[in-house]
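Both complexes below contain subunit A, partnered by subunit B and then by subunit C.
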Partner chain A sequence: MGRILVVDDTLFMRTLLKNILFSGNHDIVGEAEDGEDAVEKYSSLQPDLVTMDIVMPKKNGIEALKEIMAINPKARVIMCTAVGQEQMVKLAIKTGAKGYIVKPFQAPKVIEEINNVLKS
Partner chain B sequence: MPEDDTYRKLFVAESIENHENIVNNLLILENGSDDTAIDEIFRAAHTLKGMSASMGFDEMETLCHSMEDVLHLIRSGERSVDKDLIDILLACTDRIEEMLDDIELGGDSSTFNSRELEGKLKSLISEENAVSGNKPGPVAQINMECPEQQEKYSHHISLSIDETSQMKDIRALLALANLKEIGDIVSCNPTPEKLESSNSGFSGTMSLYILTDSDEDTIRNAASVSEVTDITIRPFSLLQEEEFEEQASTDGTLNTTNNLFKVIITVSEGSDLGDVRALIAYQNLADIGQIISSKPSFQDLDEGKFSGLLTVILHSDAGSEALHDAASGVDIQHVLVEPFTEENDVKVETKPVSNITESEDDAIKSPEKTPKKSKKKEVQNIRVEIHRLDQMMNLVEDLVITGGRLRQIAHQYSSKEMDEALNMVSRSVSDLQNLMMNIRMIPLSQIFNRFPRVVRDVAMHDGKEVEFIMTGAETELDRSVIDGLGDPLLHLIRNAVNHGIERPEKRIMAGKNPKGTVVLSAWREQGNVVIQLKDDGGGISSQVILTKAIEKGLITVEQSNNLTRDEIVDLLFMAGFSTADEITDISGRGVGLDVVKGAIESLKGTINVESEEGKGSTFKLILPPTMAIIEVMMVRINGLRCAIPIAAVVEVARIDRTAITRIGKSEAIPFRGEVLQIHHLNEMFRGESNGDIVVVIQYKGTKCCIPVDVVDGQQEVVVKPLSNVIGKCKGVSGVTIPGDGDVVPILDVNSMI
Partner chain C sequence: MKTIPVKFEAEGKWISAKIGVDETTINLPEPINTTILIKSIDDVQQKKNIITISVEENIYRIATVPKALVILKRVILMGCSGYRLRAYFMSPAIRGGVMVNDAEWEKGAITVLKTGIWFVSQNHQICIPVADVAAIEQTQREVQGTEKEVVKIDHVETGDVSTSFVLCPPTTLKVLYNYLTDATKGISLEGELDPLSSQVAMLVYSGMDTHSIEGMLEKSPRDIEAIYDRMLGLGLVEVVQTRREVKLTTKGVRFVTEAVKPPTL
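Let's look at the complex of A and B:
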């Protein structure tokens, strides 16, 4: 299935998400723990899809998204968001994000979203 | 909810980090506004919220959410930072700490009711609202510039060319070219191809739709080429859909079922963020077509004005199936795609436009936005449980020991090839050992981080003003040393503020700054790590110590007369000594400096104090960076081997046995102008050495000597602690296993002198 780059500043969330993605038969090609790391890994790993946390140190998810979209305007990025972050998600969608998943993650919804975006 | 133990451990470990981060940055914030600190606190609180939500720890999540609301106000400048606010936020962090303790033991934070704290947080917000009238903004907002979305509007333009013009079609093409520069022509009648053809049969009236961010005047200027007599420009929106259709069918502008579509999208009611789902559908449609109009408009969607239904009119060559797919997605309940007007074969001028492709254009236009050559960053951190590192360390040690045995066996067979191979093995093993030692090193910041909070609390409790400075927190120590260091240091720091620093009025009377200073610093020195705690408080009073020591029966009045200042200060470390008149809940608890000393010594370290009355005290801890490997002198006594830590060895000397004198039960010998006590380790070695070689050892200025048969030499050894089964064994701090597989005791010099 998809080759996915998981971006989150906590190992906890990355582990949680990775296990959900594994259960959906996706491959995790890499992990990044901040926005800077995410952009670099995007370039070097060229994943099919990125799950991107928003609030992160060094460079937040929106800034990282912008840079990734500049690298590849067709990049598939899904934002990881929490209730209350509607404005940030909209900004992300306008910047080029293709979808979003809401914390706390529900495995079926996450997989549905990812499969849907991968299909496009 | 993941109830897996792995998740819980990860959760606790990362939550503790974030918790510490919040506390430390709150203290920074208390000392003055600091944007980085606010951002860090906010990020950490947000992370805690997200993680606790994922684990289903609702109480913790709710508390973090309330904190986030307040932090948001601070961030946006709507709430100033004051003591009340910091106090409440710190109280919240205390509660989080309790929750984390509970969670670590298998709880779920539900036993903690934080309504009161949340109420206080809310009152902080409402207070502010009452003053400024501001509402709390959305949480988790990131301070960043929102890229200005260039909203494009549709306009219907019709223009007429002067009847007398000789080349009406060229005029129309010129106007069209100008308009193309300021926007995208969605549809045009007649088509440009028709205008360009030799017999266009152009009547002189052109009608078109343009998608542009330019205003009406700019459009008019662009369309006003020579011989254009009449221009009408009307903004177009979906609200005028009927008119649009009517217009389109009458003037034949929009007349192709092949590329004009109306897409009606229904977002399911249960969607978390329905407006965002609609935005995604909108963007996906914009990717494969040109959106002429939508209801609600893009801007309305962006502002959250969405009732569940989105209608989009667009031009696209992709076909209705592709449009259907583009609009479909998660939480999209229903998509209806239908042709927009009745059939006509007029071709529509197209140029792909969408909001998203702007970024693509930018990337091409501006060199700074082009992707940098990706430099691969291979560094990855992984988290490993400590007990696994310990296991690994044990294995490496076993490898060292087995390597030594192999070498001895090889020696018996004196095979050169085998020796060479063994040399290579031992080099690798030694590298591996060093690597393992480094991996186990942890920066002191791990324990230093909680101290600023302690200093603040003790100072507040005592009504004192204290500036706390830490340096060298990056200095690394083996984790076994770090583990044992937290509590003793905490005790010393509480003491420094509680007993050391005076109240402001007393300091002013003494001509000092009313604000006291406590400096905690660490550095490496000659292979050891030095930790120093220095305060500019009242210092230690000899008189008070002596009175106390006599009162407690630790020394007699006669003894007290013969003590030097250093010896008097050392009394502080005697068991049962406590200078505080009453046991306070800050530094008291009945634990004295003797316990601190014991803890440091069990880490193979030393502690001493220098103090000047009226000026302050300095506690200095000298610690080995690791307890696992030490350098020893190998000796033999009565044929048995024994290791003496090199740090304690002064010298190896030959003595004249006839010079030994008996003083009571023990023996002594004059040596370089001093009289040294002789320790025969006959109990330990079932007999004593009668040779004339002694090893002179020293601990805190006191020397003694141990007679030995042979000195084998110096070497680095791996210390294996004694197992709990054996219990405490006086005179032995641990054992080591040299190459031959023997078990050799390591002398505990401290307990011998």
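Let's look at the complex of A and C:
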């Protein structure tokens, strides 16, 4: 079980991810709807893992990831991306993301990926 | 000509025999006693260790050990009458939204038949049944540091939604895309979904049950039922389970009332 921060600019995606994570016995410690909010919440909540959307207002997922990695180089961040954003994913992995999931996704596979990253 | 030990179906019985196979023909001995021209084969289907070969109206079923089946399928898929071209493929690349860790581009061929899209490489023979194809899209993907045009195939694989990619020269990619689109035209969506119904579709895709969907979208069971009806009408979903809502009868109320009473000593 992990304490997870869900970051996505759409309420629908956040709600979906929260439900999936909850069904996988994870705790949702917070949610953020842009990159700026994500960095602030990461600092204050210190979650075990962050699911991070890439395309967001104010500060995108890559910029937020960079700042989170500066706060904690061991931070576990999984990027949520759409097919076709491979370039962004590559950059995210270079920056320190521990994994990525592609929208749309299926609950059991997402839980499996999150559990794998939490174990690592 | 190679000989392969098989069992083949003839007159409702399975006959053990050795069949002759070369690049152009398959020879089935008595009692069928037929030479199948490989270029006349228009479909191949596999179920476990049995392949079903279609030549116009004629159907042949052949069962053999996995190693021999690989040889037989390779000869057929590289010589049959389906649409075929040399290509690189990655199948599956994504499963349920999660990248497959050891997915890599394989050099081989793609053969499109009546019922299946086959990927054939030195090590693999992968079939995506046409009936399981959810979407075909021409898109871009990074291959060895450069953006390349690829064909993306979304398909259902043992309950999971998977994505495979095909890469070939740009001149043939469009032809492949058009051919695959045509071969799978039965899956195209006739009619549109409103945004709320699209969200319901996305939640069903993600594995949410009806109760969760009602809660997440803050909609009544009746609203969700109406959306399901629209989706059923469009052929987007099928009913797997019908749940019932019940209320207690007088007898039931009495049972519950009794059940909560403290035990008598």
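Just so we're on the same page, the second predicted complex is superposed on the first by the 120 of 120 C-alpha atoms of A that agree within 3 Å, B and C clash if a C-alpha of one lies under 4 Å from a C-alpha of the other, contacts with A are read in each partner's own complex, and residues count from 1 in each chain.
Convention: a contact is a pair of C-beta atoms (placed from the backbone, for glycine too) under 8 Å apart; a residue touches a chain by one contact, two chains touch by 3 or more.
Model, not experiment: these values are computed from the prediction.
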Next on the checklist: Contacts for A:Gln106 in the overlay, against subunit B (first) and subunit C (second): which applies, first, second, both or neither?
Outcome noted: second
Next on the checklist: For A:Leu49, using the defined touch cut-off, is the partner it touches subunit B, subunit C, both, or neither? Pick first, second, both or neither.
Outcome noted: neither
Checklist entry - Of the partners subunit B and subunit C, which touch A:Pro73 in the superposed model: first, second, both, neither? => result first
Next on the checklist: Let me test your reading of the model: by the given contact rule, A:Lys41 touches which partner, first (subunit B), second (subunit C), both or neither?
Outcome noted: first
Checklist entry - Of the two partner chains, subunit B (first) and subunit C (second), which one does A:Ala82 touch, if any: first, second, both, or neither? => result first
Item to check | Residue contacts on subunit A - larger count, subunit B or subunit C | outcome: B
Checklist entry - Can you pull the subunit A residues that subunit B and subunit C both touch? => result 12, 15-16, 19, 83-84, 86-87, 90, 100, 102-105, 109, 112-113
Item to check | Of all residues in subunit B, those that touch subunit A in their complex | outcome: 1-2, 6-7, 10-11, 14, 40, 42-43, 46-47, 49-51, 53-54, 56, 65, 68, 138-142, 144, 146-147, 149, 272-273, 275-276, 279-280, 283-284, 302, 304, 325-326, 329-330, 355-357, 359-360, 362-363, 369-372, 374-377, 380-381, 383
Checklist outcome for this item: subunit A partner, complex, touching residues on subunit C are 94-99, 139-142, 147, 152, 160-161, 163, 199, 202-203, 205-208, 212, 216
Checklist outcome for this item: Touching subunit B in the complex, subunit A uses residues 9-13, 15-16, 19, 31, 33, 37, 40-41, 43-44, 54-57, 60, 62-63, 66-67, 69-73, 81-91, 93-96, 98-100, 102-105, 109, 112-113, 116, 120
Item to check | Complex contacts: residues of subunit A adjacent to subunit C | outcome: 12, 15-16, 19-20, 83-84, 86-87, 90, 100-110, 112-113
